[in-house]
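We just call them A, B, C and D in the order they show up, numbering each chain from 1.
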Amino acid sequence: MATTVILGVIGSDAHVVGITILERALETAGFDVVNLGVQTSQEGFVEAADAHDAEAVLVSSLYGHAEQDCRGFHRKITAAGLDVTTYIGGNLSVGQNDFEETRETFREMGFDRVFDSEAGPEAAITALKRDLGMREAEAERTAIST
Amino acid sequence: MVRDERLTDDQLHRIDERVRSAWPTGAAIDFEDAIEYHETLPDHKRFATVLESADRPLLQPRAGVPRLEEQIDLLEHLRTAGGADLLPTTIDSYTRDNEYGKAEDGLVEARETGENTLNGFPAVNHGVDGCRELIEAVDAPVEVRHGTPDARLLAAITFAGGFESFEGGPISYNIPYTKEHDLAETIEHWQYVDRLAGAYTERGVTINREPFGPLTGTLVPPCIAIAIMVIEGMLAATQGVRSITLGYGQVGNIVQDVAALHALRALGEEYLHDAVSVTTVFHEWMGGFPPDEARANGVIGLGAMTAAVANPDKVITKSPQEFEGVPTKEANAAGLRTTRQLINMVIEQDIRIEGVDRELNLIQKASRELIERVLSLGDGDVARGTLAAFETGELDVPFSPSDSAKGDVLPARDDDGRVRIFEFADLALSEEVKEIHRNRLDSRARTEGREQTFRMVADDVDAISDGMLIGRPAGGR
Amino acid sequence: MVRDERLTDDQLHRIDERVRSAWPTGAAIDFEDAIEYHETLPDHKRFATVLESADRPLLQPRAGVPRLEEQIDLLEHLRTAGGADLLPTTIDSYTRDNEYGKAEDGLVEARETGENTLNGFPAVNHGVDGCRELIEAVDAPVEVRHGTPDARLLAAITFAGGFESFEGGPISYNIPYTKEHDLAETIEHWQYVDRLAGAYTERGVTINREPFGPLTGTLVPPCIAIAIMVIEGMLAATQGVRSITLGYGQVGNIVQDVAALHALRALGEEYLHDAVSVTTVFHEWMGGFPPDEARANGVIGLGAMTAAVANPDKVITKSPQEFEGVPTKEANAAGLRTTRQLINMVIEQDIRIEGVDRELNLIQKASRELIERVLSLGDGDVARGTLAAFETGELDVPFSPSDSAKGDVLPARDDDGRVRIFEFADLALSEEVKEIHRNRLDSRARTEGREQTFRMVADDVDAISDGMLIGRPAGGR
Amino acid sequence: MATTVILGVIGSDAHVVGITILERALETAGFDVVNLGVQTSQEGFVEAADAHDAEAVLVSSLYGHAEQDCRGFHRKITAAGLDVTTYIGGNLSVGQNDFEETRETFREMGFDRVFDSEAGPEAAITALKRDLGMREAEAERTAIST
């Protein structure tokens, strides 16, 4: 059985290209992807994770309001009794910031991994495989079939 | 049901009242006072005057920070150090969502911490007086640039605040910018904005309107962009707008870009009645940038070069920091100067590239097919036709995040790097046009020895940020 | 009296002896050992192999610092961070003057203080072993770039040291680079350099030779540059050189630059016999740069654009810090990446610009007139003809600092920014060609409503650094 | 009577364009210019200043070796018993240096004024007029005639 991951763009952000590329790449890599699209609320993510019994939630944010948009997100996840791996990626702060600081901020907010916008689908897939302990065999099967 | 008809004075006033009461700063709006205010502005701050009398492409950056003083400094920096001819004020995302409360929080936080917690200037919160302070402090015309589906209050405040140009439109600020906004409603909202601009115009205060040409910025086929520009132009003209700047975002193939800009101007002039002054704006590459300032300068250079050949009325510049985030003011000014140097060096060369006419014919034909289909779907009413066309997918935008567009169309580059359509879905193009697109993409597929799949599209999306124009499989051509 | 005849083995050996004794490091030169050494080099470090088999323009920067380890770091940085395909080693000015003692002092001082007291790499002082250390440490072919009128010892040492490409020539490294060197003597000195390259070539070690096309870098009319390139190519070929890269420096008008590069290739192939492999190199703008990195990037962008259209075999890149002084390695790498991004994005577009053929015919005709005049002045001997032509001014270079050229010719840009000749002095051009130049300049003078004076030339010299291509009087066109 | 100034490029530097422009501009501004051309030695400058009874010596250097090339220059001028105003301009150091430091270095070597390469002919003319106390009248006359 394939692993389910939730994907979406948080807040009022409408940058859709990144998650479109991510969705297809994750599917090709063998994941079941639930793509919530852009402008998804925190509740939207939590409900979808719950409903689909997802193992990971991938939050995308490009427009620079990620920090405001994610405040309280992990509290909601915990409140819903969910135990999911959470990633966030994109352009996470407004302006030209030092990424290490940004990473720290989002790690402290509860995200398991924080990606900058240079990180493409491969980085997400590699990380998911490691973190979710996807069976080697499965990984290999999908590698052969693509 | 929405129709392409001019709002009556009565309707305008009624909506006006409602709009103004949406947020406390709305109360300060007074039309007569605003007219008087605009009349005090010198000619070199009047947007339409400056734009329409220019004999070379004018340069304009994008820029917006939350605090007023900082925004003034930013704009003056872009004007003096960057040499911008026209200035922008880019609005923050909360305001775009009509979340003025959140914008207020962000503004307060910005004032307290000194950090830019908003990605733009919350003009509604700054109010009429704040806007006027800005207009007075900077020595060039300033445009409101945003991405707001329901921009009524923003328009009412910024027009009263002295701004004389306003970007956006019902399609171009809905489809690429949001998910759940109903298109019919957005058209109504923009009828108000356009009617308000028209009302100012009738009183001698021309408000320039600029539909947002690049749409999703991502491999948008020129015919789609142009059709939408012409439609938005028609909708605006109906409401009395008389200064319209149609936009187009660079795709990166010079022949196609030059042809598209010429087609845009020609079709704009053809479809908009003579009372409307049509100008064009070229946006330097709006898709993903390379994660490297030096390479980004190459992308900007190509944009500038294209502008010098196509000669649009205005160029919106990018900065070398585009990839990373909102640029510093220095980087923003650098993008302007790089662009200026290149345009200045090339424009007098009067360059003509072979093949532009052929591509221009193709683009014009395809654009016209889309526009005519919209008009016929609406029985001559462009508003109704637009709704119908998006409903059926006969008009569509690739990579659209919006529920109001099918987003089924998929573009890919051909062997010359021109953007063609790969998946037409229900797009209202003739077999003749489709055949040409198919042939061109087939020949690319043959060059690369691979099938046309989404992989090719994805490769093309990444290509420029990866240092190429065409997303060839590793090993290249 | 100097003649265009191949040096005999005897002559070569005799000169060899003398040259080697000019400085202690000369003693380490051993031809047989050198051949063996070159044979150990992998294909990807062989200059001619890499250059001649490339299917896209290869990029090469300029770079030279005094210390060996630093030069290695610099070159590896340019290769890895800049993506250079071919590497340079630019020689310091004292070495160019054969002042090896001063170069030694500078090198010692550089080693002691850690500062770059020399403006390049003193290869003679580093000697054969130093050069080999460099060649081994960097992972791409490396060329010696200098500006040395008497480069015999430099050639002997660097060839033995593993370099397989050597810039310069008797005219191009005399006229623009020095004041008092006698041209006849310089031709003799370069006959030795070329013969030495020929001797290596005959043993299977191809030494690529690259006449310096930009000359004074300042508004050089294409016909003059091309004629000199072809002449130097002929002189080199006589001595057995079989890999010749003819150079050309951007003037900034794309049509003229593309036409000139095509003319250069065509005439090179026509005048050099079939055994010679002719390639071309395009130098990004060699004149005064803008005192601003952002604007400099615009100039670099135009160079890259031109290269993408003209498709030369090699491009010498500039850095955004050109105006200020020798660039940091980061800025140098940035110039490479900006150029690469733009070329990559444009080259597959296969752009053809109108008017190139017409300009190409004009350039070819004028270049041919100069070349033929040189040949006839020398009764078929290109060396003697060259001396005679420079003596009479029938061949001349604008802004030449050298006593060996009249330097009476003055160039100016026409209304399209193409470089034309303003003052022909004794230049051997037909009335037909002169008439065209005159007409074009007349029409510019009319546009500007002013006389053709030195002021116009001076304005054109400053124009690019002032942000324009054409030096129009204030107020512009 | 017009003021005589000596102009040249020092050392083995062959950058001639700058002094060509300077020469013409100085002449137009009413100076008598003795242009020694490129690759002029220290002795060359001193002898010319002496022979032409010059009031100023303008040294140009572009190629980055100015400091070495100018060592001892002012000693030679003094030794020759000359009292001339000396300027130097161009790209005075190798690489991307702080100009203020460079200016200091050359001021200490004895140059009355030090110009960076952004300084064009106008800067030189203005400075000469001030330093040599050229009569206002003369300055005006030439301004009118050009």
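Following the convention adopted for this analysis, a contact is a pair of C-beta atoms (placed from the backbone, for glycine too) under 8 Å apart; a residue touches a chain by one contact, two chains touch by 3 or more.
What you see is a predicted model; the values in this text were computed from it and never measured.
Per-chain Cα centroids separate subunit B from subunit C by 45 Å. Averaging C-alpha coordinates per chain places the centre of subunit A 54 Å away from that of subunit C.
Rounded to whole angstrom, the centroid-to-centroid distance between subunit A and subunit B, based on C-alpha atoms, equals 30 Å.
With each centre defined as the average position of its C-alpha atoms, the distance from subunit A to subunit D rounds to 66 Å. Shown here, the protein chains touch in a chain-like sequence that does not close on itself. By the contact rule set out at the top, the touching chain pairs are A-B, B-C, C-D. Residues of subunit B touching subunit A in their complex: 93-94, 96-97, 99, 102, 106, 116-119, 176-180, 216, 218, 287-288, 291, 321, 323-328, 331, 399-401, 454, 458, 461-462. Note for the complex: subunit D touches subunit C at residues 9, 11-17, 20-21, 24-25, 37-39, 63-65, 68, 91, 93-97, 117-118, 120. Contacts from subunit C toward subunit B in the complex involve residues 252-255, 290, 292-302, 304-305, 333-342, 344-346, 348-355, 415-417, 464, 467-470, 477.
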